[in-house]
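Reading through the structure tokens given below for one structure.
The letters A, B and C name the chains in turn, as written, and every chain counts its residues from 1.
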Amino acid sequence: MKKYLYIIKTQIIKSMTYEFNVYGNIIMQTIIMITSAYFWRALYTGRSVVDGVDVGSMQTYIIISSALSVLLITNVERRIGSSVEKGSVATDMMKPINLFGMFLAEDIGSIIALIFQNMLPILLIGSLMIKLPVMADIRDLPMLVISVIESFLINWLIAALFGMMAFTTINNNALIQVKKHLIRLLSGSIIPIWFFPKSVSKVLSALPFVYIYQLPLSIYIGKGDRTEMIFQMRIQFIWLVILSALFFYAQSRITRKVMVQGG
Amino acid sequence: MIEVKNLSKDYTIKRKGAGLTGALKGLVIKNTDVVHAVKDLSFHLNEGEIVGFIGPNGAGKSTTIKMMSGILTPTRGSVLIGGEDITKHRKKVVRNIGVVFGQRTQLNWDLRLGETFELLKHIYRIEQSEYDKTLDVMDDILGIKELIDNPVRQMSLGQRVKGDLVASMLHSPKVLFLDEPTIGLDVSAKYSLRKFIKEINKVRKTTIVLTTHDLGDIQELCERLIIINHGVMMEDGNLKEITDRIAPYKTLVVEYYDEEAPMHDKCEMITHEGNVARYRFAKSDITAADIIADLSSKKSLKDVSIEEAGIDDIIKIAYGS
Amino acid sequence: MRKSFDTLLHYLDVTGQEIKMAFMTMIEYPSNIAGWFISNPLQFIMGFAIIKFVVESFGEINGWNYGQLAFLYGLSVISHALSMIFFVQGWFMGWFVIEGDFDRYLTRPLGVLYQFFFTNINIFGITDLIPGVIVFIYGCAKSGVTVSFLFIVQVIIMLIGATFIRGGIYIFLGSTSFHTRSAVDFGQYTQEIMDKTTMYPMSMYPESMQFILTYLIPIGWVSFYPVSSLLGIDNGLSGGMTTAFITLAVGLLVMFLAGAFFNSGLKKYESAGN
């Protein structure tokens, strides 16, 4: 445990040194957030409530989605990819530390730095320039915290699983792009899937992506009643279990493969 | 051929504190330092010279050679190649130069070597007949034609350096810049590389500017040495002249029949291990013959040899100052 | 005059060789081809489906019907694809700066920016072009425009202008790394902003933002103004060739300014090592 904490700390320091990235990211994210807010304002012109959500909640949804996106940045897929590409994966796996544990610790470290560098400034800018993103019902806070942790883990596991596909094809950049697009478009991060046709949103509810963004955001803005939220949290948990199982299975297969063939 | 006038390069670097607090401070407060990597260098290189730039790591050799080849913009001063300023007329001037940097390659990693040559043929607008002729010459010296169909990513470092050298010579440049060309190469690759440099210098009158840490390169190739330290020129001249000036001594190695070695008042005993003693003396003070005569009068000698001050002595002295 | 024509021929000749080499490289890695042929079309097909869903939930967007939106989306994706082929390296300029990869371009007798983009020409961008063209043709049918010779000429000129605007923006963002000396990839953010502002009618945004997107960061000229003119949607723009030429002029201006900014950055280039 101590060595993982050390990695987290090192990664926080590392992330802190890229000052230009910090300011650049904040500017870019602010532009995206404000554009999105105007986008929804324009769509809602002449309508007060669409699919049970009003424009104010939609603005909150956008601000919290921007903030949440900071927690969902992963680097594990690229780390695995470059380790395989450079052929250092065998020696990496011999190290007295679990390779994937190390990548997870690195990602957590980066995110802790990003909470201060990006998330808080984004929330502040959003509150000042768009609206104060108040949570609909503060009693849902425990549910929100749990669902955010689970959404982080689901997102990380999907990234790791896509990264592991580097062992099958030589170059995994295209696969990383596929993953990025799937999450961007099907998780409700930009447009909530309740605006999609019923048949489509039903299919998407069965996939893990909406449990990355849309579930915690729905809890935050109070979309749907509590029984519905609890039902969705159960599905989220089931996905977490399925993806964890897949991850550990893939990890053991890869370890065996690397140990036998030396990468 | 090359005229370097008051060449200087400054870098600004950011200072950062240690640890988490240092990183946090760095976000708000900026501390910058100005580093003078190269200070006011002036020299002139003639056509057909082979010039070696030596100096310790961080002395400014690479910075100098990169300014001379148009990669870095000088902070002050100028570099004229064939009478024209490389900063002002880059596209025209670089036609006359070739560049090989030991640690990096200009070859296309994914394709066969010949493909990069083909691209360069188009870039420099080399006539087919001229191209074939150059390739024949290169094949005689380096045996490049047997490599031409190999993908670059499957080549050894030595083969890749050969490929890079040929790539840099295809357009028959008047000046060739080599930044640590022999780094990481094995003995036979070094040998063929040095042969190549000597050969093209002789046949094509190519001026060659190289930086190196390899004493063999200097001894075998360089007619002229420029020693740089802390961005300042320390020495400029040929190897023998510099040696005579800054290391005007020889070493006499004497082997006795036992472990006892007598002293001599005109020279200094620098080491004494087992039966062997080494005496260093200044050429102006005494001759080797006199020392040998004096020593043999005190004790019988088994074997005697004389060592000239080597390049490593010069470098030690020059770097030390 | 003759000299510049000669220079042009030289550049075209080198470009031919670069493209040939890019294809050869692509063939070296067949698994990549499959990957990009899945990844990129998927992105745009999903993106287009989402626009359809939004229109179904909200009706017209700022007075633009579904056919017009498809037309806008298609044209935007095509210029995006072209910018991916020729200018995507701008997103990764920071890595080239840090790794010292400009050394090679600086020691060759051609324009540095030209070499940077064309030695790394991204043939895979074609996988973006295909869905773009399909959606655009669909949009042409749905919005009921008459496809004449003049129309095609207008579209081509507008696309060149739009691609230059996108490319210029990538160059601008990439060139900041000469000053910051850090490798930042703003690609994803850039694309997200571009998507929001070029795939939906810009008139839905407030006046202040429209002003910025018209005059300061002229993204409005990437798709909104050209499409408004082509579809005859009233924005005080004249039809015919005028808008096409304004688009091209804006593209050339952005490219020129970006090139100047790049060149000023290049003077601060520090190579790698030392």
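For this structure, a couple of remarks:
The definition used in the following text is that a contact is a pair of C-beta atoms (placed from the backbone, for glycine too) under 8 Å apart; a residue touches a chain by one contact, two chains touch by 3 or more.
Here the structure is a predicted model, which means the values were calculated and not measured.
Chain centroids computed from C-alpha atoms place C closest to the centre of all protein C-alpha atoms shown.
More C-beta pairs touch across the A-C interface than across any other pair of chains.
Centre-to-centre separation between chain A and chain C, using Cα means, comes to 28 Å. Chain A and chain B, compared by their mean Cα positions, are separated by 52 Å.
The distance from the centre of chain B to the centre of chain C, each centre being the mean of the chain's C-alpha atoms, comes to 45 Å.
Within chain B, contacts with two or more other chains are made by no residue at all.
The set of chain C residues that touch two or more partner chains comprises 29. Those residues of chain C lying in contact with chain B across their complex are 10, 13-14, 16-18, 21, 24-25, 28-29, 100, 102-104, 106-111, 266-271, 273-274. By the touch criterion stated above, chain A contacts chain C in their complex at residues 18, 20-21, 24-25, 28-29, 31-32, 35-36, 38-39, 42-45, 47, 50-51, 169-175, 177-178, 180-181, 185-186, 190-191, 195-197, 200.
By the touch rule above, chain B contacts chain C in their complex via residues 11, 37, 58, 62-63, 66, 69-73, 90-92, 94-95, 97, 99, 101, 103-104, 106, 108, 110-111, 115, 118-119, 122-125. On the chain C side of its complex with chain A, the touching residues are 29, 31-32, 34-36, 38-40, 42-43, 46-47, 50, 53-54, 56-58, 61-62, 176, 180, 182, 184, 186, 188-190, 192-193, 196-197, 200, 204-206, 209.
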